[in-house]
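For clarity, chains are labelled A, B and C in written order, and residue numbers in each chain start from 1.
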Amino acid sequence: MGYALQGRSGSWEVVVGLEIHAQVISQAKLFSGAATAFGAEPNSQVSFVDAAFPGMLPVLNRVCVEQAVKTGLGLNAAINKVSRFDRKNYFYPDLPPGYQISQYEHPIVGKGEVEIECADGSTKMIGITRLHLEQDAGKSLHDQHPTKSYIDLNRAGVALMEIVSEPDIRSPDEAGAYVRKLRSIMRYLGTCDGNMEEGSLRADVNVSVRQPGEVAYRTRCEIKNVNSVRFVMQAVEAEALRQIDVWESGEEVRQETRLFDSGRGVTRPMRSKEDAHDYRYFPDPDLLPLVLDQAWIDDLKARLPELPDAKKTRFMTEYGLSVYDAGVLVAEQATALFYETVAKGRDPKLAANWVTGDFFAALNSTGRTIDDPPVTAVQLGLLLDLMADKTINGKIAKDVFEAMVETGEDPASIVDRKGLRQVTDTGAIDAAVDKIIAGNQDKVAEYKSGKEKLFGFFVGQVMKAMQGKANPALVNETLKRRLT
Amino acid sequence: MALDPATVRRIATLARIRMDDAEVTTLVGELNTIFGWIEQLNEVDIAGVDPLAGAAHMALKLREDVVNDGGYPEEILFNAPDRNGDFFAVPKVVE
Amino acid sequence: MLTDLTIAEARDGLRAKQFTAEALTLEHLHAIEALNPRLNAYLSVGHAQAMEQARAADKALAEGDTRPLLGIPLAIKDLFCTKGVRTTAGSKILMPFVPPYESTVTANLLRDGAVFLGKTNMDEFAMGSSNMTSHYGPVENPWKRRQDPSAVLVPGGSSGGSAAAVAARLAMGATGTDTGGSIRQPASFCGLVGVKPTYGRCSRWGVVAFASSLDHPGPFGRTVRDSAILLGSMAGHDPKDSTSADVAVPDFEAACSRSIKGLRIGVPKEYRSDGMPGEIETLWQQGVAWLRDAGAEIIDVSLPHTKYGLGTYYIIAPAEASSNLARYDGVRFGLRVDGPELRDLYERTRAEGFGAEARRRIMIGTYVLSAGYYDAYYLRAQKVRALILRDFTEAFEKVDALLTPTAPSAAFAQGDKSDDPVTMYLNDVFTVPADLAGVPAASVPGGLDRDGLPLGLQVITRPFDEETMFAVAAALERAAGFAALPTLRAGA
């Protein structure tokens, strides 16, 4: 049936649409030359244009336009060659001019779609309604003074892409998958760093509920500024439950804007938005229509990097990886690049196991990231080579890897230094096997009489005697011969 | 169509201008006169006409993505009627 | 008196060392001191700065510097942000505001060596046609009625202070802005040449915005040549203004000497209004005759949507203004009236900071953009605006310039027309269409009415063809031989 919540009267479906606000990666702001870097001293990245001083005027940043178009192309969306900027008028201290320059009727990007991977492994297409460029607002601090709010305009005027989804999402899991996918695509494109903790990616979550079989949508509420994937998922469920309760109590859900209180796990109404806003949208008379050249769009498209979906498909066909492994490896572009460096000219499945297994575990334990790993892709590749040419066996390789993580040394030098070369000398193996067999005649007898599981005991004893350095295949083969 | 005092008050709120009853009453009259006069525009046949938003002869120019502005917080804050250090201050807003 | 010279004459005199820039500026400052308390044309006078600029000009002149405005003293409308010099836009809400930047237009004038005498009075936020809405008091028109010399007349608006200053010889030229007629109409009322260039010809960066798609910075001069000299310095592409035209600035001064033989002059029949004095019609006919005598061909044309210009203007301008003026909220600069809550801060600051006309226009603008009314008012007005432009475009297929009256009356008295806003709005009936279409237009003094008050003739030409406009204006000026002087002026 799909995701459903149980109310007092039966099952309920959840309908979710997301509006993602993604901060554009650019040096300067959308309409002014002030810097966009995060974490600067208050009001130190503010121009007179951003502060809406008298007589100041907006001038559009070329790179912001490019980033929006690249993102649109990454979402398989229509690029609108003619788009327009409109003013959205309202009063708030973090909005110096008293209006936000946005795009209302004619956004730069139109309809598109994105494939998401659900927890159960299935995929689903989520429709994109539009993407438009708009200014971010400044920041208000309400907790620094008993009776005053403090305003920092550093963020005012930074370029945002607002990406609106169709109401195609039907569960918290899908909502989470959608946000993660969008984030991944934009990180691949270099158009947004997707850092939700720093606020460069925020989600407004629109939620409504309905009972199975209903075709129309019921009233929805908007939960604003949710700043983590986990909270998006929690907010969906919390709000859905609240709405179900309202409907089942015989009341009607009122359309309103709400906030997610992550501490208590519930949504609550926003107090500053008492009445419906009349934004009085009209075309910004300080700007002209934005006209894009098809050749320029085509050139951007040709220069796009391979995106996650395409890369995942290629990893499955070219490297024979499972859909799960391929998915894990392409989530971050840097990880995919790491993997391919390791896999090139080597066993791709083995490479995948090592990257997703030991390597990811090492990242976790050292607290390092793919951009600054404790072991490089080249080094990991060399480790795999040592196994392939039988210099070491798989178990020793794990020990070598641990040492690599600790010291950053190349695997070959660790093997030499610690004398870990695999023993393939059949003479030595024969001798060790003979010794173990001789010393365990009772077990040999048990084995020969049918207790086949004891084979492992012999393997273990031989390996122990050879300090783990024996070639396991040879050990097995020798033991088999001797024990029959 | 005629404006009534309630509409004038709603517009005044949108425009964030405090208005007493006397002014509302005066404005109702004045605005109705003005809009009555503007109504003549309804005579014009605008079928098939695209709106003109000014600056008919130009294409929108784009700026290079360079940081060449900002970085002068003192000047930004200098004219502020109420500031605290590097922040503008306003009566506290509750969200 | 040096204050009677034109800019062109002063420029020659300075270069010929007949007098110094310091002397020229000092004489103007004395004149301002004598007459400004009565006229109230200037809101602020920068004595020290002006003398410093004049002395620097003298130094440069001695070194052979030939910049076009070197040492020429000008008045600047208080709508242009001048760095370090208070800029009020005629409003209480900007009374404390000292801009930390210089507008592009005034920077251009400084670049070319001009001396700034001070900032001139104006209707609040450029909203008005009489200078009566200024928070800082009205401006007296230096011209007096023969019959009734005690009546105090308005100089027109919104650039009333600039017009009065130039007419009274308290400045050799001045900057203004024209959104609905705010340069041309005061020029007509004060016997001056006033030019509204093509939209985008002069940058709006640093000009306090009223109605973005309609604001046109431009010059006042006592002669056509003077205004051409000024426009040559003021104009030019500005990358900081997205609506600034990226076109070269032609030699406007040279265009003043062009012959108009063979030029086709259109006379649009719609430029008449009810109750317009017969003298204006007569002057208009006289203007037509002058141009015919100068070798132009006269052609009757029709601009059928002319009468809808005012209605269109009084929807679009207030709409844009209501949004542009939202930044005046007491938070980052300007007047602040405190309140317990944010809403109080905004509402009180704006109620007290804005005058009645500004409040009225903000209300109109907010209303026409509000939900449910956008299509009926704003969108419709922008469509009618397109038709008004089309009228001009079609007319300019048949003619090279249009000749019309500038205003439907001569300067009126303070106190006339003050009851009903609509009556005041009708002042702009002949000027507004050129603002809506963005086409260049100039007012030239054509003659005096029976009361001895100046009447202007308006020349309108194609976009970016100010050269033809100056050529026709200069031809009118030569033919009119307007030599009358206002009663109140320096040295009189």
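Here, a residue touches a chain if its C-beta (ideal position, glycine included) is under 8 Å from a C-beta of that chain, and two chains touch if they have at least 3 such contacts.
The shown structure was predicted, so the numbers you read here are calculated from the model rather than taken from an experiment.
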{"item": "Which of B-C and A-C has more C-beta pairs touching across its chains", "value": "B-C"}
{"item": "Most central chain, Cα average position", "value": "B"}
{"item": "Whole-Å separation of chain centres (CA-atom averages), chain A against chain B", "value": "41"}
{"item": "Length of the line joining the C-alpha centres of chain B and chain C, rounded to whole Å", "value": "23"}
{"item": "Between chain A and chain C, centroid-to-centroid distance (C-alpha), Å", "value": "58"}
{"item": "Touching two or more other chains - residues of chain A", "value": "48, 51, 59-60, 91, 93, 149, 151, 278, 280, 285, 287-288"}
{"item": "Residues of chain B engaged with two or more neighbouring chains", "value": "14, 16, 53-55, 58, 60-61, 63, 75-76, 82, 88, 90-93"}
{"item": "Per-residue overlap in chain C, given as positions that touch at least 2 other chains", "value": "97, 100, 212-213, 239, 242-243, 322, 326, 329, 331-333, 342, 346, 366, 370"}
{"item": "For the chain A and chain B complex, residues of the former touching the latter", "value": "26-28, 32-35, 41-51, 59-65, 91, 93, 140-142, 144-153, 259, 270-272, 278, 280, 283, 285, 287-291"}
{"item": "Touching residues on chain B, where the partner in the complex is chain C", "value": "3, 7-8, 11-12, 14-19, 27, 30-31, 33-34, 37-44, 46, 49-58, 60-61, 63, 75-76, 78-82, 88, 90-93"}
{"item": "Complex contacts: residues of chain C adjacent to chain A", "value": "80-81, 87, 89, 94, 97, 99-101, 103, 204-209, 211-213, 239-243, 319-320, 322-323, 326-327, 329, 331-333, 342, 346, 366, 369-371, 374, 378"}
{"item": "Contact footprint of chain A on chain B as seen in their complex", "value": "14, 16, 53-55, 58-71, 73, 75-77, 82, 84-95"}
{"item": "Of all residues in chain A, those that touch chain C in their complex", "value": "48, 51-60, 87, 89, 91, 93, 96-99, 149, 151, 278, 280-282, 285-288"}
